[in-house]
């Protein structure tokens, strides 16, 4: 079974490509709407030779990275402050629980209003949802510090700084990294979303341009690119998480919270 | 005063106090200024009641949006669970499909909106398809993982007592995978809500998302804010309902985890 | 008894696992018979393939060669006439079902009607002394009580053969003594055939009417020993009998030999 698994996986991917090709070629669906896989793939290769594509690609990556970085740093700083001060944690609880579920796209109009059709407007959206993801994980992580361990540390006379360094940090770190991993994919989704609606430069805007052109193979090629990009982000952050936490006794899965 | 009573009074005070303070701060900051983008809470409140709490908007924009959201999410959950249990319980099928499913999940759901519009046009079915196309994946993949990770001892128990078919599905497979499934449903709900709004921001003439964007373009700022507040309320309500359902469905899971933590 | 056909008949059972370094022989060749109404303990050094043997017996695992027959019919899937109690009580009960529902589920699968089911569940749960905990969840009970629930479930299933895989390995000593007496009582009250797997030599002698000693893996049978202790057993007096000491010393020596790999017959 172990050797057969990757083979089956490759078969699955091939099967998908063949099905797509056949469905389009035999006219089960109108090739005007679904171009054959080979056409799309050829178009994808052609796109890769276009400077226009790479500049859109770069814009998307930049917006994503900026948004993710701002969200992560802000969430870690604020999360640490709120998490370490019990009074703040209790005082902000309801506010957080109200702000968190607001769908991030709801603030798109506000972002446009504040910053126009620009990268800054997109960043407002890209920062919002990932921020909460990391913020909550930081709170969970700090709350997870064993009270027994806390008391032990205190009775051994560890200073506040030492407690933070040796107790809180190692306990909270896996949570923060998990939060970061989830935030990375959410930020990418929102980057593309913002580009589609706010129309700031990037793959999302390019997709919208191809839609209205209409340039169907181009549209499909770019959707494939966003999927591959998402896959790279998912796999990359998952790999990084495993590498960073391989020493940790409890490499955590995101379970039910 | 009893210490317990005092403590709970303090927590209620903290829970309600900070949001009230925030609204007050907002009111103070906008008081007397003519800032176009940040109207006073009073104006937003007025806009909220006059825009959304009228029969016409309710039936034309709010309820259809919520209806599509509900149908789309229910479809996603049903498809995700049924397909997920089938795939999760069949090792070869899982190996065959897993890479493709990972890929589909990685596509930002909004990128599919233009594709779906192309195929389905811009009617209700397109909006439903957009919601399902994004929110089905967390349920599907979590169900697969939940079924795959079922305890082998429990599987042996079910086999040796010859618990099979519908009975095994209802009393063994579904509950065993339910913690994972519920985590997927939580994601499905928030993605679904986002896609409900997005599907209405594209080439639509009604719906919550359309209205908010419309107000922004018309510079009806208080109305736009009231729309954001409404979406916030919907998000909180959905999260609250989910929490209630999750507590009921997973009461055994939370209970046993508390016991094992001691 | 010898002229009657055996209830359970294991013939030249072999099990080999595929592994990265080539096939690993878990069970060499095992042959034995169990007659209806016997209480047989299977004891062997830890890691000797007891659980593998048990899974083959209960139809959860297909043997590489050889056969298991129950009532003359070859076992290829979990048979209806057999109930298994697993070692990991915490993982063999459905945590989302109450005690009563855990016991009732296998009966529902058999299509037993509601009234009859409720009566059978009540009887079985009372039998193991958990009448007060009917509507609790397994995780609200202690380890020993959870294993009682698993036993109640097996009893309510009314099997001809009750197979138990080191059921008391993970409970404390006092609970363990109580559970051992419970198994003896269930065996005497219901006339069920019991196959009890353990790594504890004292437990095998105290419980069994017969003890099968296994060798290290690849597992074979070291010795098949009849336990001639009185039928009424008691934790204090039985364990104090000179005969008990003789038997446990004998089994102990045999297991030590088995560990060293000496096959003495």
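Here the chain labels run A, B and C in written order, and each chain numbers its own residues starting at 1.
Basically, a contact is a pair of C-beta atoms (placed from the backbone, for glycine too) under 8 Å apart; a residue touches a chain by one contact, two chains touch by 3 or more.
Every value quoted in this text rests on a predicted model; they were computed, and no experiment measured them.
Of all chains, the one whose CA centroid is most distant from that of subunit A is C.
The leading chain pair by number of C-beta pairs in contact is A-B.
With centres defined as mean CA coordinates, subunit C is found 48 Å away from subunit B.
Note: centroid distance subunit A to subunit B, computed from Cα atoms, is 17 Å. Our note on geometry: subunit A versus subunit C, Cα centroid distance of 51 Å, whole angstroms. Along subunit B, residues 253 each make contact with two or more other chains. Note for the complex: subunit A touches subunit B at residues 1, 4-5, 8-13, 15-16, 29, 33-34, 87, 90-95, 97-110, 112-114, 185, 188-189, 191-193, 196-197, 204, 207-208, 210-211, 214, 216, 219-220, 222-223, 226-231, 233-234, 254-257. Across the complex, subunit C meets subunit B through its residues 55, 58-60, 78, 80, 82-84, 86, 88, 91-97, 105-106, 108-110, 137, 139-140, 153, 157.
Contacts from subunit B toward subunit A in the complex involve residues 11, 14-19, 22, 37, 91-92, 95-100, 102-115, 117-119, 179-180, 182-183, 190, 193-194, 197-198, 201, 209, 212-213, 215-216, 221, 224-225, 227-228, 231-232, 235-236, 238-239, 246, 250, 253.
Taken in their complex, subunit B has these residues touching subunit C: 151, 153-154, 156-157, 159-164, 167-168, 171-172, 175, 178, 252-253, 255-256, 259-260.
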